[in-house]
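See the structures that follow.
Two complexes are shown next, each including chain A; its partner changes from chain B in the first to chain C in the second.
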Partner chain A sequence: MDDRDLQYQKYKAILVNYLEEQSEQTLYKGQQFSRKMIEQKISPEEAVSLHVSVLEELFPDIPEPLKNSYDFLLEMMIGYGFAYREHQSLRSRQQQLESEIEIAANMQQTLLAGDKPEVPSLEIGAISKPAQKMSGDYYHFVQDENDCVSVAIADVIGKGIPAALCMSMIKYTMDSAPEQRMQPGAVLENLNRVVEQNVDPNMFITMFYGLYDPRVHSFYYAGAGHEPGFFYDSQKDEFEELFTRGLVLGVSKKTSYQEYQRVLNGNDMVIMLSDGVTECRSTNGFIERDEIVALIRKYIHLSAQEIVEEVYRELERLQEFELRDDFTLVILRREV
Partner chain B sequence: MNIQSCVEVRNEWDIVKARQSGRNIAKELGFGTVDQARITTAISELARNIYLYAGSGEVAIERVENGGKLGLKIEASDSGPGIKDIRKVMEDGFTTSGGLGAGLPGVKRLMDEFTIDSKENEGTVITSIKWLR
Partner chain C sequence: MNLQIKQEDHENTHHLHIGGEIDAYTAPQLREALLPLTGKEGHETLVHLSDVNYMDSTGLGVFVGALKSSKEHGSSLKLTGMTSRVQRLFEITGLDEVIDIEDVKGGSK
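After this line comes the complex of A and B, so read on.
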């Protein structure tokens, strides 16, 4: 007996059973059988045809009009079969796309995951979570032979794959001009040129770039329209905004970026973030920057890495575990 | 045995004619009711494409044999505007919303073999076969 016969016999048995007594149990069996049929890729028109042929065997004297009506039903179901098969084919294509994106996302992770530098007297915490599979946020650390640590945070306006592609470009540009690393303003000017030349005019990138020199305990930085970070003054126990002046990357060919400097005393912190942090939305509306500060303060006794993780955890919970934008938070703290 | 038919397609009635002769031939060749309905739907779609996009053309249906296998072959041809991007029309989801009905990928799935040949401004020939199991 081949599959088809077996299917026929099984269907017939269940149907006969149901015709004898209309029990819920038999209907349940029918439901399970239909699931099996779907697994075996039986299309709707085949299911109808199966039913009709069983009926014809059970009731050889089916009235002619009724018999004809089944032919009509079969014709109707062909259209549904069409839609069903298209759905299946689209589904397998979606699976294929998803696995491709998965691979790309893994590639991106290896590209981005710059090792967190180990520098005496400086504690670093960093977290970056994509809203979708691929991130349009970027952060990267570089440590040079003098233990100077540079940190870049960028946010491509937009999400997903286009943003991620654009972001790889930032990474390559940064890697190709190592001699500029000590001058935050020049780094951004160079990037601005590259972005302006290569990126679609309606795509923008905001960026914050800073460099910490442990020999003089100074943090030099510049920003290109990026969400302002915070500076924590431990002596005053106060958070201030890290204001920067500078246009978003890619808007105008000739833009200069002002450079700023802060001296870090023991326990002072520099906090950098992407707008995915401040644009977290809870049921009560946007989360205010004050609330971010309050969250950091709440965990200030922990290590820098623990702080960023705890802040992320709380904001994730506030948004009911649904990130709307890529989320990046970096903290540098001078150890005492 | 030499079964064949050729229907000129100029209006919607001709679509029905093409369907009818396809169904008759499918029945004669011994196709079951489900396959008959599938073949007819495929013919219907191809004839409708001719009517909608080329204005006129023809649908030829014939019996084919290959290594003891028996089958039904549909050949739909027209000298219409042709298809610019064949890959695109063979993509799922491309034509369904545009009113083409099931679209060519759907026809391809209903049948066993499917070839399409089209040149811009010259026309389109679609050949499709269903084998008798």
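After this line comes the complex of A and C, so read on.
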């Protein structure tokens, strides 16, 4: 007996059973059988054809009009058969795309994984967690021969693959403009021109860019519509907002960015974050900026890297481990 | 999460009353309602945001797109009635300086 015969006999048994007594149990058996047929990629018109042949065996004297109507039904089902096969091929195409996205996401991670630089007298902590497979948040460090460290933290609005491509564009521009790195305002103006030309109309980028010069313990910075960070003054034991004024990148061609400066004493910190941090939602509503500060304060005795990790862990717990937005937190601390 | 959009048209002036949450999931809906209006030369679109209780940066993206469209097509776009939470987003991003926002607290018009 080949597969087809076996299928025929099984279907016949179930159908006969059902015709004798219309029980729920037999209906359930029918459901299970159809699931198996789908697994075996039996098309809808084949299923109808199976039904018709069993009927013809069970009732050899089916009236002619009824018999003809089955042929008609069979013809009707062919359209469904096409749709079914198209669905099958789309499904396999989708699986293929998903695995391609996975690979691309991994590549992006390698490409963008900015190594944290080792700088004498400066402690760096950084964490970035994407909400989707590819991250719209981004941070990047560049260290020059004088041990000056520049840091960029950005959020590309518009998510998924286009956002990720935009990230790569920024990294490329930053890496290829070494003479400019020292002037945060100019860096942002330059990037704004690039983004304005390239990005689709609904997309924009918020970015904070800073440069720490360990020779004079100074942090120079500018912002393009980015969530303000914090400055921790260790002598006063106070957190202040690290305010910057400037339009997001990619909206207006002629935009200039003001530059600011802070001197870091021992143990002072510069804290940079993405709006994924302040747009966190717990069961009790939004997480306010004060709460972020309180969390940082709670772990202030730890290393910069440990602080960012602990803060992330607590916020993750508050949102019941369901990240709605990308999350990025970077801390620079001048060592004593 | 839900978004409600009610549209009223008076000749060349369009009012969009938005309610609910504007995020990555609902933003396309808003874009579909807004962009056809900003694409009409000489028309004025007023977006009422007082019933929006949450907006994320994807929502801002829609307004950035609408602003560009209105500049390109010679129409006008104005936002009004935003809550302080939403207003803060426009301020941080500097978009309050390029988008026409009516300050209802100031009691104008």
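Keep this in mind: the second predicted complex is superposed on the first by the 245 of 336 C-alpha atoms of A that agree within 3 Å, B and C clash if a C-alpha of one lies under 4 Å from a C-alpha of the other, contacts with A are read in each partner's own complex, and residues count from 1 in each chain.
By definition in this document, a residue touches a chain if its C-beta (ideal position, glycine included) is under 8 Å from a C-beta of that chain, and two chains touch if they have at least 3 such contacts.
Only a predicted model underlies this, so the values are computations on that prediction, with no experimental measurement involved.
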First (chain B), second (chain C), both or neither: which does A:251 touch? second
Touched partner set for A:227, first chain B, second chain C, both or neither: second
Quick one: is A:71 in contact with chain B, with chain C, with both, or with neither? Answer first, second, both or neither. first
Larger residue footprint on chain A, choosing between chain B and chain C, goes to C
Is A:206 in contact with chain B, with chain C, with both, or with neither (first, second, both, neither)? second
Taking the superposition as given, does A:93 touch the first partner, chain B, the second, chain C, both, or neither? first
Touching A:155, do we find chain B (first), chain C (second), both, or neither? second
In the overlaid three-chain picture, which partner chain does A:306 touch, first (chain B) or second (chain C), both, or neither? neither
By the touch definition above, which chain A residues appear in both interfaces, chain B in one complex and chain C in the other? none
Listed in rising order, the residues of chain B that touch chain A in the complex are 32-34, 37-38, 40-41, 92-93, 96, 102-103, 105-106, 109-110
Residues of chain A that touch chain B when the two form their complex: 45-46, 49, 52, 71, 74-75, 78-79, 81-82, 85-86, 89-90, 93
If you look only at chain C, which of its residues touch chain A in the complex? 24, 31, 56-58, 60-62, 64-65, 67-69, 92-95, 97-98
Which residues, counting only chain A, touch chain C once they are in their complex? 155, 157-159, 201-204, 206, 224-228, 245-248, 250-252, 275, 279, 325
